[in-house]
Every structure is written in structure tokens, then in C-alpha cells.
Amino acid sequence: MIVVENLVKTFGGFRAVDGASLEIGAGTITGLIGPNGAGKTTLFNVIAGVHQPTAGRVTMGGEDITGLPPHQLFHKGLLRTFQIAHEFSSMTVRENLMMVPGAQSGETLWNAWFGRKGIAEEERALGAKADEVLAFLTIDHLTYEKAGNLSGGQKKLLELGRTMMVDAKIVFLDEVGAGVNRTLLNTIGDAIIRLNKERGYTFVVIEHDMDFIERLCDPVICMAEGKVLAEGTLAEIKANEQVIEAYLGTGLKNKDKLAKT
Amino acid sequence: MDYLNALVALANFVIVPGLAYGAQLAIGALGVTMIYGVLRFSNFAHGDTMAFGTAITILFTWLFQSWGISLGPLPTALLALPFGIAGCALLVLGTDRVVYKFYRAQKAKPVILVIVSLGVMFVMNGIVRFVIGVRDINFADGERFIISARDFKEMTGLDEGLAIKTTQMITVVVAIIVMALLFYFLNKTRTGKSMRAFSDNEDLALLSGINPERVVLVTWLIVAALATTAGVLYGLDKSFKAFTYFQLLLPIFASAIVGGIGNPVGAIAGGFTIAFAEVTITYAWKKVLTYVMPESLEPDGLVQLLSTDYKFAVSFAILIIVLLFKPTGLFKGQSI
Amino acid sequence: MSEPFLIGDTMTGGYGKGPDILHGCTIAVEKGEIAVIVGPNGAGKSTAMKAVFGMLNVHSGSVRLDGEDITALSPQDRVIKGMGFVPQVRNIFGSMTVEENLEMGAFIRNDDIKQTMEQVYELFPILRDKRNQAAGELSGGQRQQVAVGRALMTQPKVLMLDEPTAGVSPIVMDELFDRIIEVARTGIPILMVEQNARQALEIADKAYVLVQGTNAHTGTGKELLANPEVRASFLGG
Amino acid sequence: MSFSLRNTFLVLFVAGLYVLEGTTDFWIFSGSPDSALKMLNFALISAIMALGVNLQWGFAGLFNVGIMGFVALGGLAAVLISMPPTEGAMAAGGWRVLLGLVMGAATIVLTVLVRAKMPAGTARVLATIILLVGGFFLFRWVFDGGVEGIEAINPALFGNIGGLNFGGENYKDYGWMAIVAWPVGGLFAAAAAWVIGKTALGLRSDYLAIATLGIAEIILAVIKNEDWLSRGVKNVTGLPRPVPYEIDLQNDPGFTEKAASWGLDPMTASTLYVKIGYSLLFTVFLIALLWLAQRALSSPWGRMMRAIRDNETAAEAMGKDVTARHLQIFILGSAICGIAGAMMVTIDGQLTPTTYQPLRFTFLIWVMVIVGGSGNNFGAVLGGFLVWWLWVMVEPLGLWIADVTTAGLDPTNWFAIRMSEFGAHMRLLTMGIVMLLVLRFSPRGLMPEK
Amino acid sequence: EDVKIGVILGFTGPLESITPAMAAGAELAMAEVSESGALLDGSTVTAVRADSTCIDAGAATTAAERLITSEGVSAIMGADCSGVTGAILSNVALPNGTVMISPSATSPGLSEVEDNGLFFRTSPSDARQGEIMTAILNDRGITDVAVTYTNNDYGKGLADAFAGSFEAAGGTVTISAAHEDGKADYSAEVGALASGGGDVLVVAGYVDQGGSGIVRSAIDAGAFDTFYFPDGMVGTKLNENFGSELNGSIGSYPGTDSEGASMFFGLATAAGFDGTGSYSAESYDAAALLMLAMQAAGSSASADLKDHVMDVANAPGTEIFPGELAKGLELLAAGEEINYVGATAIELIGAGESAGNFQEIEFADGVYSTVNFR
């Protein structure tokens, strides 16, 4: 679905992504892991059009999408969430969701002025959809709260909720799990699986929680220092020496100092 | 062909005035940039703050003159400057207490503070005029020239003169010293760094034990010093008039922003950029070219890219072009 | 039972004029111990931490540090009393370099900070490489490391961490927890909110489950880990 | 929409200020309906400007500090549309000027095309330079000649190309052309906004601010110095107007009779008649614009704009074309300012470029928006009315304060002497104090955004 | 009766520093009349001030509106700047039928403006001054001059008028560059002017505005040694600011060697203000003319007095000087004719503007003095 070829992104001499090549198969839930600063988010940002690549090419379903601006990619069915939540803070939670779908007829000025009827219908449908998503994410009690007042985790949920408002082809999730309660995260995982199975969304998931990756992802790609370090099933990755050394580690060393009770 | 005369003419009409004016703008811009950098708003009252500090300085200058105290070749106003700064500091600290503090506590948006500063500007405007009146005041004394155009011609035997005024020299020297001090202060000292921390993330600064009141206090003290110094140097070089100081605001803002607002080095660079843009773009090259070109090719027109009518338009055009290529100013400034 | 070193006792309060978020919630930590707070999103965990740090209107209940009532103190004064805090969001100085962030952490200290800084760099080696880079340009996990490093620079008497491991890689998380254990064992109490709850509860001496601003469960880390109800509703089974 | 009690009170309060001005001479009020209506007319224009700025700032977070430029462009339109053409100007150089302008534009288009066609490299740079420099000189040669021709036509009175009014000598009978000029003023401003937006909208907050400020200065420099266009600083006076002239009314027996039947003398009746005429016209425009703005704000379009204002990156990722939207709203807001600018020139009856000072035409409008409550259309309009009232009334207010503070003082007292010299300057001081007080007690504006 | 006269001047804004002396001049005349008790059987005159801001037509017309409709002023002494004067005239004075006498609006455009006989000025149109300047320069054999003017209708109008007549007389204007008032720095203008060259720099600006800034900058850089100062530049401020640096420079401004001028200076000094300030004398005359016209009309209403302004200002009749307003009023009351000469030897021509008597000045020993009258 997405093919990344020799992608390079530098920030004033520093190569954040350094010749990464990878493929994301249609219909998969691909996990993307790697140490902090490996370039995962930067890779996302380049694919999603936030940054212009220094070199390399990105194609989506065969079409060259290198350097297209984010709003165009959105209309091609490419959605993403942000690692650091980007809510619309002075709008209500419900509005945050309702604004997402593209091509709303009420988004042209002419219709806003003179096309009240049709818009009202559309709005009702959007509202219903938003309420559904909020209920699913268990934050329906906050429907009319300003998004800026949400707790850290709630904002993360809202990020995810936005991707559920439209029919996407491919969704990039940047650490949706960080800061989200694990029980809820399981529910989110279920939803991702369902969207993947029932609606055929492709997912790319950055996550540091191995349990979550394990439940969802196949294949898994591990990046380090801007390059792809390893690729395969999670089991294969977990067994990879380099990955263990750079990323997974071998558990707590100070176990002995813990309370004995 | 006479390169020497051409060079002197260019220096006299472009380089020297550009340097002095640039330095005046730069010190003004430093004050604006400090407030922006730490307190995060564009202070429209800065021009009038400068006027107030200068007015106090002038009052003290008159006092000293009446006592017969002087600095010899240097203007007496330099002696009065510390008193002006002190007066100005009292004013801005009082303003902060009465006005700005409230909005800080409210965590008001920067634009609210901008408009509030507009209100403060009106009030200070009134105060300055009450204190010293609306007239043009010339308070420079001491030696006016380091070298005057006439003396230069006599000395060198050239056709063109080169004039360097005492005030121009003082301005440039002071600008360099002030910039160096400020740069050192902000980047190397603990108080300076704590000010930057405060401007970056107020809550976290609190959690690091930085005392916000102190940061604000120090900022205003520095601003008072910068504003008064800029105002006095400008007033010495040209003259003091309340209305002109208000008008100075525009080029000062332009300097701060083109250099990269919030960045002291940028303020300096911006000051000189704006000054030279104004002076050079509309310069009529006829005089210089007459010396350089062979007689047969001497220009009969003025050889002026654009008439001086467009002086501001052009300097602003340059500013916009700079911003298009460097969207946060010459030296990466902040943006909220 | 003697008074814990730091205790936020039956606190009730909320943001500004808004509704109460905390309803008689109590959190405490003993010297040398690690206390962990878990709970669903929006339960009020961060709010409780902020309340202990005096960044919120607490209109009933009190906060006591080492037996002294500090309810009325400003956050700054609490820093001076030796409390250190890493908030959940906006926890770095984005425009300042990594090193300057650390220096700011040590703002209230007047002694030599070189050694502490060295320790932080050892704990988070990546920060040494990035010492002259603006913290705002770091990756999510790196920022988190800066945030924790900044708090450690204070050499606090008690350390409060709001989700320190959000977004950090497993290896760094392990190292962080290792370090937290070490710090705690030197006698500095640690109060921490965590969503990586299972790992956190494993190292917790004491744990609180917060739901809707009240204490739902309290016990040792092991007890809560073993509690099937807690597991199902808060730890993801 | 439901108005809260507080808002109703505020509206009544501000309305009351105007009513008092017109009915009682108590305190600082004049008790003159004429004066109240005059203030009302300018307040209506100010409110329209505030609406435009609120659209840009309140809806989209665009920091436009170049309002003055757009207002001035609107004024220029009023001259170019409603004045008659200067006789012989087209022949003397008008065509040549037009040709020059077309050639100037063609040079730019050509350069852009050539740059698009040619591969990057020295050759392209060279071609660009040759095209631009050559084009510039050609343009100047054609253009300057035309300008000279036009400016030579009776410079003390004309020296400009004039406008499109086809009334010729009797152009004042075609006063309705002034109304046509208002929307054209909007178009002028919109066209300028399009160019500015295309180049500068990528800049953030304060940088955009200084860019717009600069562009306003550039626009003004052109209006001040291109005498062939609208006489530059020599001003154009005697613009036609959409309402009758007082003198004509006074000389119209029908009107004087009517006036007498209302118990008014012809003078008073005529001045009131004219002012009310303007008020009605402006009110129609204001209400129409307010309706459009309000409807847009409460639609999905408005929601999208607010989202963009809150977080551009996220809005972009959610498929919203932030650049295009910014451009759209920048053009709209500027156009509204242009309309207001044309109205202002019409009611003044003259275009005086030196009038355009940032303090009055940019910052005062900002004060209106912020004091009224940014993000709230009604707030902006209310702010327009209140702040304009203040701007005018601080003069008597200031004098009153000066009087009160020196009452009972011996006139030789130093304070009294200082105050008597200073009286007029109480104006700005008072303005500042009142502004600070308003913002102190409602820091988010009188009618904050919900 | 208490007659009210509006005094609309730019008390705040770019001309704020010359305005007080102008207002004082006008009010001096009013005080003189009030004290005499000779006006319309013992009426007193009160000045009502309003701020024209000099630049903001909106604010100025609103202020004027209030003066007329609320304060009920009979006539207006003002406004000062040509731009706002035109605005007030066509938007307020005309509809309300109020007489305006401006002391200082000199733009040639105002001669042609539609005024219904309501507008007068005690200053000459700049078209006239252009000719005078040419004559003075020609007499001194100066053929090459550079010109700088303040960028408004006054400056531009004067510069154009001057350039027209100077070039027609065979002179050369090497460069004509505008300067904006109240700006921070004039090096660019001076640079361009110096490049243009010329024997004399003509500064068509305001003395306490950009004009002085240009002069300062030009002297400091050694660009020009001799200057020509038209009306807006002549003031004691020049002596104070530049002193002997200006030795050899020349200029011209409205005025005569009439005793009137010196009498007015004396009165002003006694009243505690500087009568030599720009347009202070013209303001005195403007106010005086209004009151004399009232007396002649036997009514303080504008509709009546407008037809008498020209009569009292011009011959024939007994000459009236500053300080002699009471005498004028009495003569008028007795049905005799007067010829008000006033502080500026005023003579109204054409559409009611001063014919323009100019005095030629020259700097020597750091002060200027009148050397000739034209």
C-alpha cells in the first residue's frame, strides 16, 4: 500500500531519517518500534506531508505522494494521529470530531450563507456519528467539554476518535497508547482490529508497549538511528540481538531492592 | 576619476548616518525584544517609555547645567542618564504593578496585552506631555563634532567632507557595549537564563523554583535602562519631541522583527538592516558616480533607483522579502 | 501509625471556578518508598498531584510535608522546601537547550551541579549527545527524559512524577524504574502516576487506585496486582 | 440567538450613550441630535471595519496590522469610481499609463513562465535578470511618459486621471455612483489582499503583523506619491454623495415646507435629513455584513475556521486546506475594511492620504475588536460603537477632568497653569485610562467569545 | 449676549507644538473685544476650543459638528491644516451655514473650493508664495536649488508652485524630494538632496517637524550651507536650534513692515505667549475679522456676518491695528467704514484669501531679521 524508498530527512545536518526503505502491506496492522529518537515520528511526518523529505520517495498504491501537503493526503485516505496531542483546545469535544470529515457541504461559504437546509441534515448525521465515537471511547460525559480541559489520556483518546470519523484507507497511529489506561487501551486495540478486519483499514502503529504490539501487529518493523534495523513478526524481532540491545533491554536490574512482601 | 572623494561622499551620506541611526534603532529594538522575549507581548508603549526616560533625563540635565556641572566635550545628558533610568524604572515598575500584573495572573492572551499596552501608551503619552510639554527640545551640549565636514575638507584637501558627530560615536559605542552585556547576561548568567525559562514555560519555571516576580522586575529594570538610553542617545543626536518618539515605534518594531523578535542579536542586526535600507535604497548615486565615472560618462540624471518618497515603502519591502526567505527573522526569533 | 513524609490528606478541589475534580482524595508516601497512583483517564490523578504541589484550589483537606502543614504555600516555596515535580504535559523548556533545561532544574541550588548533571547524563546517555540542542526539537521519548532529568537536578527531598514513562522505549523505561528504585532507597520518597501500571505496581511499595477523584483501592503494589477486580478494570486484564 | 442579560444591558448602555449625546446637554453631552447622528455614522463605519478585523483575527487568528492600507484602498476606489474623468487625461497619457501597467504585469508573468520552462541554472538566473531589468526600464519609459502627460493637466486642480462618473460637469447629480464605489472599494482591497496573502500568509503571528504593516505603508506611499492616480497628497475634494446636499434641500421649497410642518427650521431639518440618510445606508450594509458573518460563524465553515485557528497542524492533517482558508478569510476581512474605507471617503467628501495614520485606522480598530470581544461578531460591532464614542467624547471628557481637578485652585497655582496648557492632551490620557479600565474589568472583552 | 466662537486647531497631533500660540493669538483678540464691551451692545465673546488633530478628518468634522450644534458657536476660527479645513468646510460649515476663517490653511486648492461665501483665510495661497520665492532667489542671482517639502497638500502644493515659477524664470530645480514629518531620521533625504546639489536648499516644511530635522541633518553632514525657508519654517525656533549655523540663509513669510506686526508681538508678550510663532498673528486677525464682521452686520449669526468680512478687511475705511479692536467696533457701530490691517496687514482678495504680503528675511549673527518687504 505504502512504499518508502531510501527516505532521508535531515535537520540542519542531523539525519533523523537516514535512508529508510520499507513497505506497508495493504490490510496489515504494521507495528513500528524503535528506541527514542530512532526517527519514527519523523518518518510519519515525512510520509504525512508535514516535513518535506531531503531525499527519497513515498508512493501510495503506486501513486507518488512524496511531499504532498497533509490536507491532500487526508483526502486520499491517509490519516494520522499526533504523539503529542493536537486537540482544538477552545472547541468542544464533539466539535473536535464533527470538523473532521472532509467535503462537508457546509464548509463552503456560499452554502454556509444560503444553504441552511442541507447543512442541517448533514450536521445531524455528523453529530450522531460523533456521539457514537465518544461513547465508544468512554468519554461521552465530556461531549460538550472544551477539549483543552481534558486530561492527558483523554486527549489521546480524542486523537484516536478523529480517525474513526471518516473512512480512511490507511491510518498512522503515533503512540496512541502512551498515557492511556491499559484497560481502555485493550478496547482501543479491539477497535483497531475491527476496523482492520471489517472495513479494511491499513494501520501503522508506533508504540512502546510490547503487549499492545503483540496483540495487534504483524509484521513489526524496528527502526534505529533513522534506518530500518529489523523487520518480521514480533517473535522474530524479539529474538533479534540488536533489537534487544538497542530497544527492548533485559528487564529491571534492581529487582533485588524491591520490597519483599 | 576620483575614488577617494567618491568613498568619502558615500561614507558621509550613507555609512556614517546609517551606522548611527542603526545603532539608535538597535537599542530601541533591544527593549522591545526583551519585553517580547520574557513577558511575551509587543509593547506599544515602548516609544513613550523612551520619551519618559528622556524627559526625566532632560530635567536633570537642565538641573546640572544650572549648577554649572558639565562633562567637558561630552554632553551633560550622559551624567543625567542614570537618573533618567531610575525615573523610568519607577514608572514602568509602577505600570507593571497597576496594569500588567493583573493580566499575567489571568494568563491573558498576548494580543490582549498588546491592546493593554496601547492603553498604557496613551496614558504615558499624556504623562510625558504633562511633565515636559509638547515642544521640540534640544538638550545636546558639549562638543558637537568629532570632526566636521569643513574641518575634514581643510585637513585632507578633498572636495568632499566627512562629518562625524560626537553623538554618533557615542551611540555606536554604547550600542555595542549594551548588546554585548545583554547577550552575556541572557545566555550566561543564571538570572538571565531563568528569564528565558520563564518566558518559555511559566508553570515549569515555577516548578523549578524560579521567582516570577523577580524575573518580571529584572526585565522591567533592563527595559527601563534600554529605553532611556535609546531615547537619550536619539534625542542628543536629533532632538527631543514627544510626538516623534511615538513615531519611532514603527521602525523600532520593524527592526526587532526583521532581526528575529525575542533575540537580542537579531534586534541589533535588525536595527542596522532597517537603517541602511532606508538610507541606501533611495540614495541618488549621481554624486558618487560623478567622481568615479570618466567625464564623458557623467550622469545627468540623479541615478536614483526610486525617489525618497518611497523610502519607507522600500525599507518595508525589504523587510517583507527578508521575512519571506527567513520567516522568523534574520536570527531565528520566537513566535507565539 | 506515624505520619507519612508527604501526605495530601482528604483533598477536595478543582480548577478555577469549575466543578470539584477531587473528592476527599488522599495520597501519601513514606521516606524511602515508592508510591504509585493508577486509574482510568480523567480520574484526577494529575489533578491530585497538582493539588499536592499547590497548583490548584484545595478548599478542604491539607497537605503536610515532614509533619509541617504546607497547604498554604505557593508552588515555588514548596520547591524550596525540597519538593520536585515532573508534570505530565509541558514539562520541558522547549526553546532552551537540554543542558540549560537541566541547569534550570538546579536553579535553587547554590552548590556545584556538575556532578548531578553527570549522573543524569549517565542515566540518559542520549541527552549527553543532544546537550546543545533545543529541547523542543527532541523526540517524544527524549523530551520525557529531559523532564525527569530536570527534576532530578533539584536533588529534591521528595520527587513527584506524572507518567514519567509515557512514550519512552522499554529499555529506557527499565532504566528509569531502576533508577527510581535506587533513588527511593537512598531515602527519597517517590510519588508517581503511571499508566504502565503493571510494571509500576511491581516496584511500588504502596499503590492507590483513583477513580473519579476518590480513592477506590489502596494497598501494596503486589496486593493490587493480585486483586482481580483492579486487574480487570485498570490494568488491562 | 439568545442574548444574555449582560449583553442586552451592554447594548442598551452603548445605545444610551448615543441617545444621551443627542438629547441632553448634561455633563459632557452636547444634546445635539446632529452631533449624535454624526457620531453614529462614523461608528457604523468603524463597526464595519471592526467586523472585518474580527473575521480575520477572531475567526482565523490572522494578525493583520495593515488595516489602514485596505481602508485607504477603499477610499481610492471611491475616487476612481465616483469622480468624473479628467478631461483629456486619457489622451494625454492615460492610455500610455495603462499600457505601461499592462507591460509591467506582463513582465512579471513572462518571467514566471520562463522560470517555469527553463531548467535551473546560470542560464535561468541570467534570463530572469535580463527580463526583469529590461522589463523594468521598458515599463518605466512607457509609464513615466504617460504620468507626465496626465500630471501636466492643470496640476493645481487636477493632474489626475479622475474616475468613471459619466455625469461630467454635473457629476454630483450621479451620487448613486458613490454607493457603487463601496463594493468596488471592497474589490480593490480584496485584490490587494490576494497578492499579500499569496506572499505573506505563510508567516506566523507577529511576522505576519509586521509584513501587513509594511504593506499598508507601501499602499499608502503609492497613494500619496502617484499623483496621476488621485492627486497624491494634494487631495481630491468634492466627491459626489448618495444623499442630497443640505443647501439644495434648504433651497427646495417642498422640503422647507415639510420641515416647517415638523416644526423644524430648514437648516436643522436638512442636516438631520442628510445624516439620517447616511445612517440608513450604512446600517443596511452593516446588518447585511453582520448577518453574513454570523451565519458563516455558526456553520461548519465557522467550525473549520475555529479549528484552524486553534491548531493549524492538526487542521491540516484533518484535510483542511489551511493556506487556502487563510487566504479566503484574509481577502474577506480586508474587503470589508475596503468597503468601510470607501464609505468613509464618501461621507468625508474627500480623499486626504495624510489622514491615514496607523494609530487611527489600524490600532484604534484593534482596540474596538479587543474591547468588544474578539471572536464575537456582536462584540466587535459593540466595540466599534463604544470605542468610537470614546474617541470623540474623550475630548470633552478630558477637558471636564482638567476643569474638575483645577476647580477651586488659584489660577496661578503651578498645577493649574500646567493643566491649562495641557488640557487638550487630556484627550489621549483619558482614552488610555478608560481603555485600561474596560479591559481591567472584562479582560476578554465586553462580549467574549462563548 | 455671550457670543461663542469656535477655535478648531490641532491641539494634539503633528502640529501640537505650534497650536498653543495660534489659539492664544485668537483668544487674545476675543479677550480684547470682550473687555472693551463694544461688540453688539456689550456682548462678550467666548472661545470654544476643539481639536482638529490636523490629520483625522473624521475626528475633526465630528468636533466641528459639536461646536456648531451643541455649543452653538456663531462662527469658526480655523481649522489649521488644509486637509481637515476642507473636510470641515464641506461637511459641516457648508450644511450649517457657518462662517470659517482659517489662519493657516494655505493649499491653493482651497481657492477654488465651493464655499457659498462662507470660507475665508488670513493667509495667502501658496501659489503666491511660489512667485515671491522665485523673485527673491532671482534677485540674489541664485539659479540652482534643491527642494525638499513636507509630504502633504501644503508642502507639495508649495513645492509645485515654486518649481513652476522658478523654472519659468530660468532657474533649475536639481531635485525635489518629499520628506514625511515626525520621522526618525532624514539621512536618506539629505543624501539624495546632496547628490542633486545646488546652491541653496529650499525647505518647504514645518519648523518643528521634519523641516528642522532635514536642516539639522544637512548642516551636520555638510551637504548645504545656505537654506531658503518659506513660511512654515520661519520661527524663532530656527534661531534657538541653529543660531549662527544658518548665517547667510534666507527666507520669506507672510507679513509686512506694518506697525501691526510689532504691535501684535508686544501684545502677545504681554499676554504671555510667543507672538512670532507660525500663524499666531494670522489667528489673531482671523478672530478679529469675525468679530468686526459681526459688528458690521449687527448680528452674530453667520448668515449675516459672512457678507461683511470682505468689507471690514479691505479699504476704504479707517485702518485698525492689533489692540485697537475696540476702536474698530466703535467706528462700525457709528456706521463708519474700517479697513482692518491687523497683525498681518491683511487684505482679502479673490475668494476671500489674504493677498499675501511677504517679508524677506536673512540670517546674520545667529538670528534672522527682515531685510525687505514684497
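First chain written, first letter: the chains are A, B, C, D and E, and each begins at residue 1.
Definition applied: a contact is a pair of C-beta atoms (placed from the backbone, for glycine too) under 8 Å apart; a residue touches a chain by one contact, two chains touch by 3 or more.
Because the structure is predicted, anything quoted here is derived from the model rather than measured.
Peer 1: Provide the labels of all chains in contact with chain B and in contact with chain C.
Peer 2: none
Peer 1: Can you name the chains that touch chain D as well as chain E?
Peer 2: B
Peer 1: Which chain has its C-alpha centre farthest away from the C-alpha centre of chain A?
Peer 2: E
Peer 1: Can you give the whole-Å distance between the Cα centres of chain B and chain D?
Peer 2: Once rounded, the distance between the two centres reads 31 Å.
Peer 1: Taking each chain's centre as the mean of its CA atoms, how far is chain B from chain E in angstrom?
Peer 2: Inter-chain centre distance comes to 36 Å.
Peer 1: Which whole number of Å gives the spacing of the CA centres of chain A and chain C?
Peer 2: 27
Peer 1: Take the average of all CA coordinates in chain C, do the same for chain D, and state the distance between these two points in whole angstrom.
Peer 2: 55
Peer 1: Where does chain C touch two or more other chains at once, residue-wise?
Peer 2: Within chain C, no residue touches at least two other chains.
Peer 1: Counting only residues that touch at least 2 other chains, which ones in chain E make the list?
Peer 2: In chain E, the residues touching two or more other chains are 16, 151, 178.
Peer 1: Can you list the chain B residues in contact with two or more other chains?
Peer 2: 134, 307, 309, 312
Peer 1: Can you list every touching chain pair?
Peer 2: Here the touching pairs of chains are A-C, A-D, B-C, B-D, B-E, D-E.
Peer 1: For chain B, which residues are in contact with chain E within the complex?
Peer 2: So the residues of chain B touching chain E come out as 9, 12-14, 17-18, 21, 24-25, 134-136, 138, 144-145, 148-150, 153, 161, 163, 165, 234, 238-239, 241, 243-244, 247-248, 251, 275, 278-288, 302-304, 307-309, 311-312.
Peer 1: Looking at the complex, which residues from chain E come into contact with chain D?
Peer 2: Where chain E meets chain D, its residues are 11-12, 16, 19-20, 49-51, 55-59, 61-63, 65-66, 68-71, 82-84, 86-87, 90-91, 94-97, 107-109, 112-114, 116, 127, 151-153, 155-157, 160-161, 178.
Peer 1: What does chain C use to touch chain B in their complex?
Peer 2: 53, 55, 75-76, 79-80, 85, 87, 90-96, 100, 103-105, 107-108, 150, 154
Peer 1: Where on chain D does chain B make contact in their complex?
Peer 2: 57, 63, 199-200, 202-207, 209-211, 213-215, 217-218, 221-222, 224-225, 358, 363, 366-367, 370-371, 374, 418, 421-422, 425-426, 428-433, 435-436, 439-440, 443-444
Peer 1: If we count contacts the way the header does, which residues on chain D are in touch with chain E in the complex?
Peer 2: 25, 30-35, 38-39, 42, 155-157, 224-225, 232-235, 237-238, 245-247, 267, 270-271, 274, 344, 347-350, 352, 354-355, 357, 360, 391-392, 395-396, 421, 423-425, 427-428
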